[in-house]
Each structure stands twice: as structure tokens, then as C-alpha cells.
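Take a look at the structures listed below.
Look for subunit A in each of the two complexes below; its partner is subunit B in the first and subunit C in the second.
Here is the complex of A and B:
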């Protein structure tokens, strides 16, 4: 390490720190903003203290959005984390490995396509009359399942969540593949010699050895589920009614359609608290993991 | 030590073979089932994307009535129409914003990573924590204050309204990635260069940056991928249709072309192509970045 003029290292970091102000200032400003009632077009802010939060905690749309985020989280953990792990374990099995690069590449493909493209594409598939999904269901004789997926308040949120799973399973699977490739092959050979079958090997070797990746995957999917915006915004706009609203789309509408900036800031604070809680759990688990 | 097989009685051998054959059969069945599952999932993922490309050559009428078949005549003009009805400007805007964001992100991160990896100074740990913390903060939370800051800076409705926040949200990850790589560069090289009269900045540009090409390429790819696809800032911080990037522009494009599905799908295909091609050719770097960052 060099010890030149004291201020030299700060000069190298200065540009980065200036940019990081754009990440950090808004966080604090948002908390302040949430204590006022204000809009973009009126210059005066009225201080209301915690009123926005009291209103928010009595707001049925807020609970509907939060419920949808929780639904998002639960379904994403099952499909992406559990599903991703299984896909990865199968692709890394030595019997499949010959063909796994092609499967792996294609499974990952949706991750690199933007959600805008995917969501617009799926709005074609979900079209009640001419969409591929209902055409397919009718083709295999499931006529009564041919529903107006995005247009029905019962099914809209599930149709939206399905699109996210379609995009992201390959992503988590890829993370697990990288993690499984680090496991020593001798472990698998030893298990095979002991006559353990594939399922036993999966639960006794693969699952424990990829534990750390599972933490990462759970944190990623949880954070993703509580901040999701693009899919519901493009596919349903939160509708029909408010049936597929999530916190981010509700925040967006409150801020930029209704121009209730203070109230929207309160919603943003709730998202901040949820994501911080998830991060805290992550740090805590990683810390205790290291002490083991 | 080889035991001659003939010591085993012949009838026994037959029984064993039958047993073996039966096991072999169920075993093959299982592998076939696994492949069936993999291929089914393959189709679920690949078919929609393939359908998008194939249908982009059809007329709307054909997409409606012959959804599953190949185009009767391949309408290449769908692409011309899409390009001329807005996609060209969105595409060029995206190229510009992505290019600037990548350049700034790599430059600012390399400088910061150099400061963090080669010097000892007060507040270093704190700056590392700030970078780590930046990974956890989601843009949704900052949306409203950022919107106001951008208006106060006078850059609302310009490309800078996207470039600056994109760089800000990318550098925590890229600094950490580049720093980890810089830390692995042997000190001897640096000392030798210093003896030759190289300055700090010279060492960064003559030794560190040329030696770190793989990680720099990874960060460029990750940044390009993020920037090309980013949607939320893109619809909020730019109002003027002629300045929009692809993800935001596509929404406009959809509203304008509600009845022309073939052209719309051509637009979607054009929009997705650059990053898909980048991924197919640079898979190794892509996956390295995504795995080491574990951040989409």
C-alpha cells in the first residue's frame, strides 16, 4: 500500500461518491417528503406529520397491493428457488450433462429479453379470443379453462405472476448451476458407490452444498417480489379494479396520476422498510453462517 | 486380480443378466422421463420467443387465424414499417443512453476501485459499506425525490435524466466487482512501474486497466443489459416521445399500432435482438457477471 498525499485516494473516489449521492439523498428525502401533503404543481407543502401513514394503514388498496406482493413472494420462492434448484440439479447430472449447455442457454434466454418485450408478448398470449393460451387449452379440450386471464379480477394477478416465473426460473437455475459446479465430484462418486439413488443424493449432497446460494436466491426473489413493477404495470396496469395492484404500481399511480406526492412517499417508505428488513435478515444469516 | 467368470454357474449368470436388464429398463425409462420434462420446459420457454419472431413476418389477419403455422408469405416489410414508425428513434436513443452509461460506469468504477484497492486512508471501510448498502436499495423507493432532483438539475426530459441515475445505481456493484479483481493483481508489477517513473494514474491506465479486461468486459455487459432493458425510470424521467428509449417507446408503439400485430411483433423482435445476440456470443462473461454479482 502506498501512502502518498493524503487527499489522493479521495480524488479517485470522488466521482463515485458524487454519483452515490443520487442513490442515498433520495432515501432520506423520501422519508421527509412523506410527512407533507404536496403535489408537483403546487409550490406549498403542508406538514401533516404521520398522517399519510395513518391513512395508508387504513387504505384497503394498500392492503390489496401488499397481499399481492406477498403472493408474488410465495409463488416466486416455490417456482424460482425450488424449481430453479431442481432444474440446475438435473442439468448438472452427469447423465444429462452432454445436452445441458443447450437447455441451459435456452432456459436463460428470457432473462436477457426485457420485461417490456415479454409482457407485451404475453398480452398477445393471454388475449381471450385469439391468444395462444386459450387456443391451446381449447385444442386439448379444456374449454372451460379458457378464461379472460388478464381481464378477470380473480385470475389477473396469477397471470401476471406466471409471466415473472417464466422469465426468472432460468436465472435462479443458472446461479445454482454455478454453485453446483463448485461441489467436488468425489462427493457424488462416493454417494453413488454407497448405492444412494438420485433423490437421496439430491437431498443429502446438492441441497446442503448449495445452502449459501439458496440464501442468495431467497433474498433475490423476495426483494424482487416486493419491488416488482414492470410486469403488473404493462400487463394489467394493476387492474381490473385494483385486483393486481402491487406496492410499486400503487406508488406510481398515487404519485404520477393522482399527484399525491406525500402519500406516495409514504408508500415508498413502506417498500424501503420491507427491503431493509430482508437485507437485515440476509446480513444476520450470513454473519451467523460465517461464525459456524 | 481377475476372477475368471466361468467359476460362476451359468444359470446364475442368466438370472443376473435378467435382473440387470430389468434394472436397465426402468433406468432408461427414468432418463427418458427426465428428458421429456426438460424438453417440455424447453418448449415452454423457446416457443413463445420463436412465435414472436415467426409471427413478426405475418399479417394481423394471419396471426389471428393461423396462429401456429409458418407465414404464408414472409412479410419482411413489417420490419421496415416498424423501423420507420418509431423504433428507429427509440433504438438510437437506447444505443446512445446505453453507450454513455457503460462508459461512465466503467470509468467511474475503475477510478473508485483503484482508490479502494491500492490506498490506505481514513474512511475506506465506510466507503465500502456505502457501496454494499447501495446494492440493497431499490430504485422504487427513490422514485419521487429523484424525479424532483432531476427537475431541479434541469435535466428532466433529456438523456441525462436516465444516464446519471443508471450510473449511480450501477456503480456499487461494478466498483465491488472491479475492486476484487484489482486486489488480485500482483504488487510487484506496480512497484516496477513506479520505479520506471509511472504516476498513480499511469499505473491505473497502463497496468490495471489492461490487465483487467475480462472483468471490465463483464461490467460493460452487465451495465448494457441493465440499461437497455430498464423501464421504470425510462417512462417517468422522459416525457418527449422522440427522446424515449426502447422499453418506454414500446408502450407508445403498442398504443399507436394496436391493430397491426405483425408490425408490433417486428418492433419487439428488433428491441430484444441486441442483448440476446450479445448474450449468445458472450455467454461466459454474462454468466460470470450475473453469478458474481447475483444481481439482475
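Here is the complex of A and C:
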């Protein structure tokens, strides 16, 4: 008989310990840091308690950034989760399934392209005079829609969000394709025999069957929307003015341009709390996400 | 299970060993007897990139026991990264710094080495630097940096278009507006401007502030300890800036400085506010290039002939283990030979005396350098003269003003708030 080794189980715990050290300790350190005022140039830290948070909750730029993140979240849910599911359902449909590998690649390609490359590409795309978008709009006669997308405070954030959707729909669609492939085709056949059309089968079979994947997709999209950095930073830098700031770009600017580390730590803690809340609420609503 | 334990144990010890080894390598380089210096600058783009690489190679050839590791990131990223890097235990030995307030923050944080003794002990070298360019790196009578380039900002214009419309370089603000009106009437986009990067805005605002606000008030406000920005002339300066809006191209906030420069240099727009160092970047223009200083603003209390511009140079880390070798490199960088090479290869004007001459410069470049050398007083770049937080409030606010989203009064209120915070901290 093989003696159960007492030592080995602890070795299997080591990765979790590493995780604890490298992830959780800095998180708590950051929360502590947010109660001080310090910068890279001054050698001392001044304890200010909750002052940074009081200032933060009175800061109009904070609310603008938060609003932009919420916009991001709402639009992402509509386009990525819902849109992704539709794309996946269409690609997995019996008629199109033969051609779907090509489409899958087309939709997924933006996901693997470097974010920096995409942002630079879209900076050119959005150029009000020589960019492709406005040239196209002018060509089809929609001259008054040929706006300075990235330079107008009203449209800047939407232009940035649009780029993110373009990149990420493919990812969520792929997740849904995997999930849809697991659905037994007999369900569809039965529904078809009962006279259901495509839309009915979509809402009554596809959507409920992919509930687990929807849970995953919503968490991914929502936390992504509140932690997004690359797109706004590269496309607009948060501008013009502060109209397209998001929490993470505001954090970056506060920490590294304005050298206000304590305040930046406070912003980071707020992002942490928001994403934590989203995950907790979601888990409650979807009831722990176990397969049923 | 025995085997698993063995594998785990060996893997663990291996990773610990590797972790320990990589820690060693960062402090001192492998070559025995060689001194390694880290050199951090803000030009990963051409033509500066090749220039600095060649200077480093030449220096290493002449000093075989010194090895220089070069690193570069672009402008705005540089501003952020250098602050982080000087805050670590391994700051770069030699690093680029703008002058005035930007340099002063390193001095205040004890991150910059006092170089006064090097200046004093080697007058052959130090006397060949243009004194007006060393001054912006001097704080409390001590020199903390070595200027490498000098620069000024002027209005460049298309002489051919001006001749055709019979207009002349304006001397006063009202003349300037008249010139712009004539250009606009003749269907030109009079003044090309790309304000996507806020530093372009700071050059306009800074010069207007200098022209309009009395020098005493300006000096008081730009000082972190006393700055209040309550004077009405600041609002006037922003209003003057607004007067230019009808004559700019549309959507300045969507366009960056490089694109705007191209519109000027390929003849699409007849005027452009740019640094003298950009003359080379215009390339050969199909029109005759002219330049004039920012006009005098009627009713302004500041010196009307000041030229806005600053030197750019390098500082040495206070924590460097090789100050002598670092200074050797900086002295090498500012020899007449390397200064002339800078003018020829890069088109920037070296802060070393006598390096800009007919052999390596166009007549326009010579004209520009003369303006810099003849100017009574230089006004440093605005965003480098004030605390970064005040600059942020000023510039993001003005960027919104260009879109019509904020008024000068609102901008100044934000600036005053930022100034209050800075004053409070500086007083401690």
C-alpha cells in the first residue's frame, strides 16, 4: 500500500501562496498608500487619512471618468455580449456553418492584433481631413456627419469606445461559438418541426442554453470596461480636455504626470471596489455560475 | 510521489537560483574594469536617434574603458518615465531634462548632481557654452545641467503669399490680426495649428502671458511658493488667444503638430508658429521662408521683444557612481565638433558658441540663430516654468476653450485652485 505523502499537498498550494504575495499584498499596500500624500520627488509621506477620498468624491474629472467608464460598460454589453451572441448564432446556423471558419477568422483577427497598432491605425482612420471614415462619409453625401471624431469633446469618447467594440466582438463571439456548439442539435430540429422560425429558436433555445457563457461574457466585458486603458490613452490621451478620460487614464495622469501618488492610489482603490462589486452582484444574480 | 517531490524540489531551487542571478546583473556590468553609464534621452526618432548613437560610439572609441547604455522614449512618455526612473534606486546616470521648473523639480528632490565645480575647474570647456543657455539650468547660483541645444519659437510664413497680397510681417497684435484677415479674405487657412498635444497650446499661452502680464506679477505667479494667478491679464491673454480662432484651421484639437507642420511646409497654409529647430524639418519648401517674432501686444506690460524659447540639455543623477565619467561624456557632447555635427545632422542649434555657420546651415537657420543670440531676454517654455499640476489645469482647460467648451474665466478658476494646492504644499 502506498503511504499518502504528507508533504506533497503543500507543494500544490505553493502557486496560491505566490499569488497571495504578488497580487494581494500590493493590493492592500495600495489601499494603505491611498491614505498618504506622497510623490516620487519628496522623500517623506504625509498621512492624510481619508482626505484623498473626500477630494476624489468632489472632483469633477473623477465623475467624468466614471461616466465614461459606465458608457463603456453599457455599450460594451450591447455590442459585445448581445452582438457577440448574435454573430455566434448566425455563424453556427446550419446554413452558414460551412463558411463559418473564414468568418470566424475575420471576426477574431482584430483580437490578436496589438492594441497599439490598432490605436495608431484608428487615429489615422478618424483624421477629419484625410481619414478614411470622413472621406467615405463625404463620398456618400453625409458631409455633416464628417465630424472631428477624436477632437470634439462630444464624440471623442464614443469614437474610442467604437474601436474597442471592433476589437473585442470577435473574442466574445468565439466564446459563444464554443458554447453554442455544445447545444444538442436535436433541440433545434424539434423546434423547427414545431414551426419555430430562426428568431424564435434564438430566443428560446440559444439564449437560455448559453446562460453560463453569458455570465462569463458579462463579467469580462464589465470588468474590461472599468479597467480599459490602452484605447483612450493612445487615441486621445483623455482629451480633448478631459472629455474622454477613463478611471485608469486619470489614474495614470495623476500618478505620473502630476506626481500625486496618494491620490492615484485612491483612484486605484475605487476601481478595485467597483470591479469587486460587479463580480459579487453578478455571482448573486447568476447564482454562483455552476452548470445545472 | 517520491519522484514528484524530487521534481518539485529541483524546480523550486532552480527558479530561486535564476531569480537570484538576474538580480545581480542589473547593478554592475559583466566586463571587468569597464565603467557602464546609462544614458536616457527623449529621441527614439530620427534624426536625433542616429546622432546620439554616433556620438556614443565615438566617445566609446576614444574612451575604451567606458561603456554607455542608451535608452530613449518619446516626449510625453519621457516626462512621465523620467520621474519614475529617478525615484528608483537605479536612476539613469545621465538623463535629458528641460530647463527651469522641470529641471528644478529634480534639484528639489535631490536627484540632480551639482555640476558647478566642473564648470569652474574647466573654463576652456565651460566658456564655450552660450551663457544665456546655461542660466536656465542654474538654481541658487549652482549649475545643475549642461545645455545642448538652444531654441526659439517664431511665426514662420510664406514670403511668396505675403508678397502677392502685399502684406508684411506685423509688429503689433492689431497688425497681426489685420494680416490674418487679409489672408482669410483671400481664402487661405491663415494660421495652421495642431493642438492635439497640449504643449503646442502652452507655447501660445506662455508667450501671450509674457507679453501681457507685468514681469513682477509673472515671476511671483510662476514661483510655486507664491503663485496665485489672480491677475486679470491672464484672462486677457486667453481672450487674445481666442481672437485667433477664426483664422486657425478647423478642428485644431484633432490634428497633431506634425500634420500641421506638413500643411505649412507643402504650401497649404501660409503661417505656422514653430520652433526654430523645425526649420530643417520643413525640408526644402517650394516657397521662400520668412520668420518674425511674436508681435507686441498693445497694452501689454511685459517686454515686447522677448523670444519664447529654452535650451534643452542633460543632467547627471545625484546617485551616480561615476560622476567624472558622466561629465566626460557631457563635455564630449558639447565640444565644438559634436555641436557642429548636431547642426548638420539634426538641424538643431547647439548651445556651443560658433557652431552654427554658413557651412552647415541655411540662411534661414542662420537668421533664426541670430534672433536667439540677439534677443534681450528669453522667455522659457510655459509648461516647463510652472508646476506640472498648474500646467495640467491650464492646458487641458485651454484645449477645451479651443473647442468652445470652456471660458477663460473658468480656466483661470481651475488654475487658481491648482495654484492654491501647489502653494500649500510648497510652503511646508
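In the analysis below, the second predicted complex is superposed on the first by the 262 of 292 C-alpha atoms of A that agree within 3 Å, B and C clash if a C-alpha of one lies under 4 Å from a C-alpha of the other, contacts with A are read in each partner's own complex, and residues count from 1 in each chain.
In this text, a contact is a pair of C-beta atoms (placed from the backbone, for glycine too) under 8 Å apart; a residue touches a chain by one contact, two chains touch by 3 or more.
Only a predicted model underlies this, so the values are computations on that prediction, with no experimental measurement involved.
J.: Which partner chains sit in contact with A:256 here, subunit B, subunit C, both or neither? Use first/second/both/neither.
T.: After superposing on A, A:256 lies in contact with both subunit B and subunit C.
J.: Using the touch definition from the top, say if A:41 reaches subunit B (first), subunit C (second), both or neither.
T.: second
J.: Figure out whether A:30 sits in contact with subunit B (first) or subunit C (second), or with both, or with neither.
T.: In the superposition, A:30 touches subunit B alone.
J.: In the overlay, answer first, second, both or neither for which of subunit B and subunit C A:220 touches.
T.: first
J.: Under the stated touch criterion, which partner chain does A:8 make contact with: subunit B (first), subunit C (second), both, or neither?
T.: Touch partners of A:8: subunit B and subunit C.
J.: Identify the partner contact of A:150: answer first if only subunit B is touched, second if only subunit C is, both if each is, neither if none is.
T.: second
J.: Comparing subunit C with subunit B, which touches more residues belonging to subunit A?
T.: Result: the larger residue contact count on subunit A belongs to B.
J.: On the A-aligned overlay, A:112 touches which partner chain: subunit B = first, subunit C = second, or both, or neither?
T.: In the superposed model, A:112 contacts subunit B only, not subunit C.
J.: Using the touch definition from the top, say if A:241 reaches subunit B (first), subunit C (second), both or neither.
T.: A:241: touches subunit C, not subunit B.
J.: Could you list which residues of subunit A make contact with subunit B in one structure and with subunit C in the other?
T.: Touching subunit B in the first complex and subunit C in the second, residues 2, 8, 11, 252, 256 of subunit A appear in both lists.
J.: Hey, which residues of subunit B end up touching subunit A in the complex?
T.: 31, 34-35, 37-38, 41-42, 44-46, 48-49, 51-52, 63-64, 67-68, 107-109, 111-112, 114-116, 118-121, 124, 127, 130-131, 134, 136-138, 140-149, 164-165, 167-169, 171-172, 175, 200, 225, 228-229, 231-232, 236, 246-248, 250-251, 254, 261, 264-265, 268, 271-272, 275-276, 278-280, 283, 286-287, 290-291, 294-296
J.: Which of the residues in subunit C end up touching subunit A in this complex?
T.: Residues 1, 4-5, 8, 12, 76, 79-81, 83-84, 86-87, 105-106, 108-111, 196, 198, 250-255, 259, 388-389, 392, 396-397, 399-400, 402-403, 405-406.
J.: Using the touch definition from the top, list the residues of subunit A that touch subunit C in their complex.
T.: 2, 5, 7-8, 11, 14, 40-43, 126-129, 148-153, 237, 239-243, 252-253, 256-260
J.: In their shared complex, at which residues does subunit A touch subunit B?
T.: 1-4, 6, 8-13, 15-17, 19-27, 29-30, 33, 87, 90-91, 95-96, 99, 103, 105-117, 120-122, 124-125, 130, 132, 135, 166, 170-171, 174-175, 178, 216, 220, 223-224, 227, 229-230, 233-234, 247-248, 251-252, 255-256, 261, 264-265, 268-269, 271-272, 275-276, 279
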